[in-house]
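Shared between the two complexes below is chain A, which pairs with chain B and chain C, respectively.
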Partner chain A sequence: MSLASYTARRAALGLVQVLAVVTLVFFLVEALPGDAAVALAGDHPDPARIAQIRAAMGLDRPTLERFAEWLVGLPQLDFGVSLVSGRPVADFLFGAIGPTVALAGLTLVLLVPISVLVGVLAALREGSLLDRALTSISVALHSIPEFALAVVLIAVLGVQLAWLPPTAVGADLFAQPAVLVLPLVVLLARPICSISRLVRAGMIDALASEYVRHARRLGIGRTRVRFAHALPNALAPAVQQVARTTDWLLGGVIVVEAVFVIPGLGTVLVDSVAARDFPVVQGLAVVFAVTTVVVNLLADLVAFRLAPRAEVVA
Partner chain B sequence: MKRAGIGGLLIAVPLALALLGPLFVPERQTRGAPFTPLGLLGTDFVGRDAWYQVLAGGRTVVLVALIATVLSYLAGVPYGVLAATARLRLADEALMRPLDVLLAVPSLLVLILVAAIAGQGLAVLIGVVTLVNFPDVARLSRAAALEISGRPALEAMRMQGESWWQTSIIYTGRSMLRTLAADVGVRLTAALYLVASASFLGVGVPPDASDWAVMVDRNRGGLFLQPLTVVVPALLIVALSVGLNLVFDRALKRVRT
Partner chain C sequence: MSLNRRGFLGLTSGLAVVTLAGCGSGTTPASSAPRTGGRLRAAFAGGGAKEVLDPHLANLFVEAARSKAMFDKLADLGTDVSPQPRLAEKWEPNADLTRWRISLRQAAFHDGRPVRAQDVLASYARILDPNRAFRAKSSLALIDLANSRAVDDLTVEFVLKRPFGEFPNALAAFGAYIVPEGAEDFTKPVGSGAFRFVSFEPGRSVLLKRNPNYWEGAPLLDELEFVIANEESARTNALLGGQVEYAHDLTPTTARSNASGDRMTIHRSPNSAVQAFAMKVDRAPFDNRDLREAMFLLADRPQLVESVLAGSGQAGNDLFGKDYQHYAADLPQRQRDLDKAKFLIRKAGAEGLTVKLDTSAAAAGMVEAATVFADQVKGSGLTIEVVQGNKDSYWADTLKNGSLSSFRSGAMPIETHVAQRLLSGSGTNVTKWARPEFDALYEKAVSTSDPVARGEAYREMQRVLHAEGGYLMWGFADWIVGAKPNVGGISTAPANTLDWARFDKVWLG
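On to the complex of A and B.
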């Protein structure tokens, strides 16, 4: 299959996924008892007042009509209006997207080189003490909940030793990089483990393969064989795992923002869930779902490009 | 051998506390001021003895993760086998494609969304964690069952006129057991991760619940005064998940070699 036709097929699937998720989110929220009008009417709801608000907000129209309208608004970044403050949901999203993108972006930028380095190091010295130590650590740390790790690190490094700021309260993330150290360590812990293990396994397989042996027989230099020939094949499964990592990363970012008090999208999500501000929740769900689908799509394309004969399951 | 020892020990401590701990919590507890050095670990954010909270707080985390894992297998394995053995390819697609949608959404987001809509309660938490784990189990069982249903042994059994029960349940089921057993550890740690993270975010549990994850969240305000009220439950959760990983990883290696 050529890259172009694979891209087209994969993009179509991605579009269907996005549509399905968006539909699901809308109708899940729609299924809730009570609506925006009931929420806005306050503690002593008066039926006449509720009906009035409903008419003013257009909530008395059929569900499908409103769904179509919401759907049309999404590509134009119109997510509706918050129930609690009356501000457009898009304002909330743009206000909070900075810290979240900074956290997730920095994590990804650090994640790839570190985990490839660890994986390659372990693979080149297979069976050595270094390899066994790295493997044990990555097995052990693989699925520690971020909040538990974060709290232990805060207590030790932030409070007892006072080396790093324990939270980001009132700090400007970009002016004080020290604030970001602990959150990044916490976010990196899990994905580094899983990706470096994959790189290690892929690299060991590749180094033992027929084509690498052939390249050696041809007299191609050791470094070139390792990095130009073996590594790309070892990376294909790892790239897809990086994409799966964004799933964790989004979850992890929610938790990490809560622990370190960083005003990002995760904080907005937790707050709006607590306040039952459903248009904001809907908007965030759409943003998170679209991001995940797009990242998965990109990763599958990169993996396909790196190792075209590998069967890439959508 | 050494690693299994460490892993076993790491599991044993939190597990013993979680299962036996509630027996040692006195019926009547006095409430003092919050975050005072009273008792073994001090008092928590509403002045309860934090040690008794630790004793009482492991049961929900462990039980919810266990029940959710069992339920996701109970639902996912038949679902996957059904998809794999469906005569029509269309039926297979119709069963498996919707799962892609679920897999496309970050699991913690699914959890928060559904819990926000369904409300509080342990049943909701169990249900959502099952829902999040279910697609993976279904995919894995489908892949395992597909491989088995192509085997010559099964063809032969079919031609001999063995009953559906004998071919599908007894033979296929027994052959799948190994693949599924290898996956249990991953599912269990994933469930534990989700349950703990959700409880920490206040999803699905009351805000003053006796629960390790809730303790970590609620007592954070007293991190400078009584750090042990936060660190002890956090370390117990860390020990449990690290221990589970080490033990299952070792068991997996033993099965493979």
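On to the complex of A and C.
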């Protein structure tokens, strides 16, 4: 199967997956207790007022009618308007994608070189003190949950020593990059371990493989064998893990966003589910589903390029 | 999942402050004399998607604070939660309390137009629009708008559908702001308040600047910025890290840990939120008056205040509105009396009964209070089983279902509390208290112009509620705000009243 037809088939499948996710999310949110009117009425749940809010929001119309109406707008990228504030959902998504993408992008830019370097170093010195030290440190970092690390870093570096801003409250992330340092450290801590372990294992396998030995016998230089022949094969399994990490980051890491006050997609998700603001939740579902499909497709294509013998056709 | 996260963040913010406890000492320098200038950044919890600038839609604390900065009401609530004139300079009812003549003060909107009687009528007409659901609607519903009129530019005459002596309370209702006639688009709001709008990023920040022509005198600050930080720990950290000067709504634990530090000053507003359990009097088991009294006697109020509110509050006496206007302070304070409670439980035939107590994280401290109370009831013959429900729909759920639930309420006049929650036709009558003779007492209180008769009616209503009502009001929580030590002019009036979050009186030293 050619790469082009494979890509087309995967894209079509992805479209179906996105629709399935969106439908599922709609009915799951619909199944939650209470609706937007109840959530908005809050501690003043006068039934007469709730009925008025419901009518004003159009929630008194049949569920399927509202869902169908929303689906019709989707091909034109019309995500509808927020029930509660009346602002277009696209505005919320657009505003929140910026911080999330910036954070995810910076994390990946640092994550990939660092974890590949760590994995390769550990593999080349397998069993050495360096290998054991790198393993111990990365596994230790992996075992700390994000929120615990975040809280300790904020208390020590942010508040007590005052070296770095403890939160990003009210800050423009691009004008004050210092606010991103602590969130980046927290986001990097765990993926470095998972990815570098895969690179290390892949590298050790590759260095012990028949084709590497053959390349050596052909007299190809040690560096070239390692980095031009062994490394690409070692990276193939890690690419899938990078894809999963990317997907996690682009979903807006809710805990990190909450602790550091970064108004990204995770924050919008929590707020909109609490408010039962269906159109906003739906818009987010589209974004998350598309992200997952696209990132995994890209990962498969990259893995295919790195190690063409690997079976990638699902 | 959300619960776990919040629980953990609460715990860890405690850790953060413990780490800090060693680093501050000495007393905070008294804020100097009022000074002008500077930008104050105030951190509030927000609602992201929910946030709006339309003052009539205000629902969250941050929206109330922003609305207050940019707009005025005709009246607002004073420190004793009685109505105080604002845009209204004075009000005069006719003899039977059905016509109220309101004289407006000379004030101007931010675009220079004067505030006129027509703007007042248009604002109220917008709130009362039958196709909309603004929060102040129920308070203003007794106005007969078709027959109300602008006498001249600065005089409004309201005609009411029934005699109502507490009409100024309605003028001070949550969200009853005066906007320019015809205003519908609030992307760049224009009000008559102390601050003018500059910019808004939903879920992130709102920037305002001083209105030099404010009718009550220009604010001291040049600029006021509201920033959003949903987690209490984040608001505390932002304040400690110097990223904001004012952090709204902190927990008693944070207050206790930082009280002696030099990085933040704690401001407590007493009597801001009543903490209670609501018993439904129309169904078993609390349709039995003896059992309700037993519950009153089982609560160890000082222990609840100490454990749930970390001491930041006062014990309640099963009555709403401690120290507010018309509060019956002379009724004897209830104490725990286990023996009498046991006797009453036996008398009610409720020995061995298990009652479900519905609670949720919809308001801070409710789950903790339910757990502590369930413990206090042990050994009385009654068992209380704490059931946690969904926090987003909690208030609507407990209005209909169950027999016992956690309850909290912010400040409002005692009259409003009764009207909304304790009359046969009240919309949010969670205790299902519906008694014609009580309704009649309320009617008497609001339809008489004799202050003595009115005071007696309020006292009698409270005496009945104290003796056999459905609310076990065990405490009043302080509202806690943290600020930089150089911030002056922060009032400790109860939350929701005029002086709460009132930034035109605040200065940076």
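Everything below uses one rule, namely that the second predicted complex is superposed on the first by the 256 of 314 C-alpha atoms of A that agree within 3 Å, B and C clash if a C-alpha of one lies under 4 Å from a C-alpha of the other, contacts with A are read in each partner's own complex, and residues count from 1 in each chain.
The criterion applied here is as follows: a contact is a pair of C-beta atoms (placed from the backbone, for glycine too) under 8 Å apart; a residue touches a chain by one contact, two chains touch by 3 or more.
No experiment lies behind these values; they were computed from the predicted model shown.
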> Looking at the overlay, does A:Q52 come into contact with chain B only (first), chain C only (second), both, or neither?
Replying inline: second
>> If we overlay the two complexes on their shared chain A, which of chain B and chain C does A:D271 touch? Say first, second, both or neither.
In response: second
> Looking at the overlay, does A:L71 come into contact with chain B only (first), chain C only (second), both, or neither?
Replying inline: neither
>> If we overlay the two complexes on their shared chain A, which of chain B and chain C does A:V159 touch? Say first, second, both or neither.
In response: both
> Given the touch rule stated above, what does A:P263 touch, chain B (first), chain C (second), both, or neither?
Replying inline: second
> So, A:L141: does it touch chain B (first), chain C (second), both, or neither?
Replying inline: first
>> Taking the superposition on A as described, I'd like to know which of chain B and chain C A:S82 touches: first, second, both or neither.
In response: second
>> With both complexes superposed on chain A, which partner does A:A11 reach: first (chain B), second (chain C), both or neither?
In response: neither
>> For A:V151 in the superposed arrangement: first (chain B), second (chain C), both or neither?
In response: both
> For chain A, which residues belong to both interfaces, chain B and chain C?
Replying inline: 32, 147-148, 151, 154-155, 159-160, 166, 254-255, 258-259, 270, 274, 276
> Can you list the residues on chain C that touch chain A in the complex?
Replying inline: 2, 5, 8-9, 12-13, 15-16, 19-20, 23, 41, 43, 47-52, 59, 131-133, 135, 137-138, 201-205, 225, 227-231, 233-235, 237-238, 240-244, 362-363, 390, 392-393, 395-397, 399, 408-409, 420, 427-428
>> Taking the touch rule as given, give the residues of chain B at its contact with chain A in the complex, in rising order.
In response: 3, 98, 100-101, 104-109, 112-114, 116-117, 189-190, 192-193, 196-197, 200-203, 213, 216-217, 220, 223-224, 227, 230-231, 234-235, 237-238, 241-242, 244-246, 249
> Which of the residues in chain A end up touching chain C in this complex?
Replying inline: 32-34, 38-50, 52-53, 55-56, 82, 84-87, 91-92, 95-96, 147-148, 151, 154-156, 158-160, 162, 165-167, 169-171, 254-255, 258-261, 263, 267-268, 270-272, 274-277, 280
> For chain A, which residues are in contact with chain B within the complex?
Replying inline: 13, 17, 20-21, 24-25, 28-29, 31-32, 136, 139-149, 151-152, 154-155, 159-160, 166, 246-248, 250-251, 254-255, 258-259, 269-270, 273-274, 276, 281, 285, 288-289, 292-293, 296, 314
